[in-house]
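In structure tokens below, several structures.
Shared between the two complexes below is chain A, which has chain B as its partner in the first and chain C in the second.
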Partner chain A sequence: MSGGIFCRDLELVRRGSSGQERTIFTDVNADFPAGNITLITGPAGSGKSSLLYILAGLIRPTRGEVLDGEEAVSRWLTPHRDLWRKGVGIVFQHFQLFAELTAEKNVMIPLLPKKWPYRRIRNRANEALERLSAGHLSQMPVHFLSGGERQRVAVARALAADPAILLADEPTAHQDPEGMKIVMDVFAEARDRARVVVIAAHDPRIAGIADRYYRFIDGRLLHDRGPESQG
Partner chain B sequence: MFYWALRDILRRPVRHLLMIFALAGLMIAAAAPLLFTGALSAGAEALLSDAPSIVIRRADPVGWQPIPIEPGIKAAESIVGVIRVRARRWGVIDGPKNPLVVIGDKGLSDNHASSLPDAFSSDLPSNSDFQSADFRDFSERFPLTPETAPLTHETVSLSWVRAGQLLNLPLGTATDLGIDVYYPQEVEAVCRELSDAFPWPVQMLTHQEILSLFKRRASMMGSAALFSLIPALIGMILMVMAVLQQQAANVRETGLLKALGWTARDILRLSFLRMLLVIVPAILLGAAGIAAVFYGPAPFRSLGAPLGLFFGWHGALSALPFDAQVAGSAFAAAGTFILLPYIGASLWSAVRASAAEPGAFIEGGGAG
Partner chain C sequence: MIAHPILMAIGMADLFGLGLILSAGWIAGDILLHWNSDGRDRRQIALEARSERGGAEARWGAGLFAFSTLLLVIAVTRILPELIPGAMCGTGVFQAMQGAGFRAFALRFITLLLLFLWHLLDRLNRTSRRGPLTETSARGLLIALPGAVLGIFDTFKAVSLLDLERPVDCCAALYDRFGNGNSLPFWENIPDAFWMGGFMVTGILLIAAGVWSFLRPGRKSAALLAIFSLIWPFAAAGALVQVLSAYHYQVLSHSCPWCLFLPEHWRVGFFLFGALLGGMAAGPAALLSIIVGQRYPAIREPARIMSRRASAWAVLLSILFIIGASFPALLWRLRHGVWIGG
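Moving on to the complex of A and B:
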């Protein structure tokens, strides 16, 4: 179980195909403690998704480090970070589902390396779908599903392995109020079970559930007081 | 994991079926020269095991002439050192479909025609349909055991009389005489005496000369069979390129799996299982194909007919005599030649993809 993730002096510089460099963000210092939902907001292209990718160990920062407790995971060699990533669940902004597979099979993917019996993997996947009120979609190929349904399948996939760290990029962008409540409830559950929950979103409806707030402004991540700061 | 690998294969069934058939086909093509070389060498050994020390033919200024059996045997037996003289009838005739080698066998009755391969015996027309053709200038074709099949393709054994009729040999004559000597080291001396013993001009071939002719022919046939490796080689290169291209197209999937908690080891395990699901059927199919094309019944062997073009054969290949050691090593070598590059290409791509940072493969590494 993670005690929390902490960013220290993070900087991300991207190099374009023309060789031109662009600093996405710099001097990012942030704490994402366990048992909290942390919301990161900011304009499009400000670096929210990139920060989630760095927190998930999918890319390395140009400078600075990400600590899981006291371990500088961003410095670890790839095989060690691969193992650590088993404890991370991520909801991608564009879902990244396998379109030709059923919802159930998509949710089973993070569980397959666990060497559990097939039936157990399948049950766990269906439980995750049920928690997202998507149990009835279990046997449907995801390309038949609506955007909101796909998003709930993506959230179910992130939750299926019961990760210690849950990262979500715009997880409610396609949800109606009912879907929104379902998704927020599972994030709240994760928080109550002392998971690290980090959400990057524009959706103002999420603000109410978060415990901590950060906002990207001009490439810097600033601590925010949340809805109360916006009146 | 196995289930997932199987699902992956079934997700693109046509592509993987084609890959399995391509691998099996390449294995058969690669095994062909190795099996032929082994069979040719065994065939030559079997043919020459009973070959006479000297073969004598009558040669007039106009060409080869039938040799009268009785005076011929008498003349040969008059030489000291000769222990056995055999009259032989054989030659090339125009067959119903293609030229055939006919051999007269004193052990067969007049209405019997056995052949190697069997397929030709039923096609033999009546005597009048045949014309004699030039004799070939070499060959010892006794005994026609199955081991000799690769070297006696399109050869027919007939009764002694019927062979003589088909070859237009007058009564009491033979194609040549096979002579055995007591001491092999005396062959040259015996040859000198033999040339003076006959009342007609004769030409002689010694066992050593026949052996070197056979070796030359076997080596030419083996080299010709090696040409079948060229399409196999090209096919293998194309297959490796296809695998690399396919794996390159899968990098997004690999990145995604890593992002979802799969380790490099898990991905390698998946790639390995996926590869096994292609390779095992390909090996089984390749083995079945090799057995059918080279050792099976004629309808299956006709699949290998294109290989016969290297040797000027027509129709189905002769069934090769089964030698477990030759077949085993040819199968292993063909498998290694074809499968190793496939395994290498599959695993190398998997290692590369699994060692990479997953973020680079998905959503442009997190642009937002």
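Moving on to the complex of A and C:
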């Protein structure tokens, strides 16, 4: 179980093939405590997704570190960071599902490293799909599904292993009001079970559920007061 | 220069391996100059990523270097004797290489030993989350690097000296030494009993030290094991070549190490000298593991496990060598009731 993840002096600089550098964000200091939903907002290209990837240990920052409790996990050697990542669930903006596999098999994939019996893995995957009201889709190949359905499968996949840290990039972008409520309920449950939940989104409908708010402005992540600050 | 496919394969493996080791060496230099594990500035974070890349490059480079060395042994023992007029085994090939071959081999095996010890440090480093041995490991790689450069350079030199038109007299290289007693190297004058006594005494001491180091891993036991595993191979190789080889060849005297690699002698040289080199590396590995484990608490337990494993390998390989080297002699004694010299 994670007590929370914390960013210290994070900076991300992208370098193009011509050697030209672009600073995505700099001096990011932020806390993402367990038992809270933290919402990160900001304009397109401000670095929300990149920050989530750094928090998930998928990419390294160019400066600074990410702490899980006291441990600077972003600076761990790759094999150790990969082990730590087993406790992180992530919903990608573009889902990253295996289109030819069924929804059930996609959700089973993050459970495979647990080396559970096949039946247990399958049951757990179907439970996760049921929680997202996507149980009826379990035997359908992902490429048959609509955008909203795929997104719920992606959320189910992130939740199936009951991760200590749940990161979601625009998790409601393709959801109608009903789908939106289902997804938000699932995140609220994760919060109530003292998980770290971080959501990066444009969707103003999410703001109401979050406990903490950050906003990217000009490459800096600033603490935000949330919906009340937006009038 | 001979354009044989195996020599080209050795050249390619050497060039790629050297490229990777040099690239890793560049990063190792940077680590020694700029590493600051407490800092989280851009240079340090970039260096942490590069140190992992450098480690992978060095592992692949060392693997290619080991592979090309094995190919070189196969070439010298099996391929090149068929091409060089008068050569019957590696002795003839070395004669054709005009002295450069011995230096190349010596440098390669010393470098392999150093790269093996570096690999051990690297593995221990990767058992801990933050890699506390990164600087020590970088130092180890930089120590091995000149050996790799010189070893590969000398190999190219030795191969380029090979002349297919000039015949060599393979056995004469061995037997001519007996023509004039004054020109014998000192080891030819050492009595057989001394070789066998040294082989047995140091062998027993090595096995005892290995068992002690396995049961009670510590600096003293591992140091003793390291000392004997560096002394014993010389006594063992001497006993094998000067005394026991006669039983493998079934002739009164033929002190040639290279004929042991020939198919008519079951290519036993690969097994015997492989066991000898493996045992030689295992002793220092046991000591190095213990030393770094005591210095860095984060890796104490994996270092202890690795030291015990190295001790077990030292014992196992020395026992395998003793059995493999002396079995034909024991068989001869059982069959004929006398030793080969009477």
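In this text, the second predicted complex is superposed on the first by the 231 of 231 C-alpha atoms of A that agree within 3 Å, B and C clash if a C-alpha of one lies under 4 Å from a C-alpha of the other, contacts with A are read in each partner's own complex, and residues count from 1 in each chain.
The rule we apply is simple: contacts are C-beta pairs under 8 Å (C-beta built on N, C-alpha and C of every residue); 3 or more make two chains touch, one makes a residue touch a chain.
Remember, predicted model here, so these are calculated numbers, not experimental data.
S.K.: Let me test your reading of the model: by the given contact rule, A:76 touches which partner, first (chain B), second (chain C), both or neither?
M.R.: In the superposition, A:76 touches chain C alone.
S.K.: Which of the two partners, first being chain B and second being chain C, lies in contact with A:63: first, second, both, or neither?
M.R.: second
S.K.: Identify the partner contact of A:136: answer first if only chain B is touched, second if only chain C is, both if each is, neither if none is.
M.R.: neither
S.K.: Just chain B (first), just chain C (second), both, or neither: which does A:205 touch?
M.R.: In the superposed model, A:205 contacts neither chain B nor chain C.
S.K.: Comparing chain C with chain B, which touches more residues belonging to chain A?
M.R.: B
S.K.: Identify the partner contact of A:9: answer first if only chain B is touched, second if only chain C is, both if each is, neither if none is.
M.R.: second
S.K.: Report, in rising order, the residues of chain A that make contact with chain B in one complex and with chain C in the other.
M.R.: 60, 78-79
S.K.: State the interface residues of chain A toward chain B in the complex, per the touch definition above.
M.R.: Its residues touching chain B are 14, 44-54, 56, 58-60, 78-79, 82-83, 85-90, 92-94, 96, 98, 100-101, 105, 109-110, 112-113, 115, 118, 157, 161, 163, 169.
S.K.: Taking the touch rule as given, give the residues of chain A at its contact with chain C in the complex, in rising order.
M.R.: 8-9, 11, 13, 60-65, 71-72, 75-80
S.K.: Quick one: which bits of chain C touch chain A in the complex? Just the residue numbers, please.
M.R.: 40-42, 45-46, 48-49, 52, 125-126, 128-131
S.K.: Inside the complex, what are the residues of chain B that reach chain A?
M.R.: Residues 1, 3-4, 7, 11, 253, 256-266, 355, 357-360, 362-363, 365-368 of chain B touch chain A in their complex.
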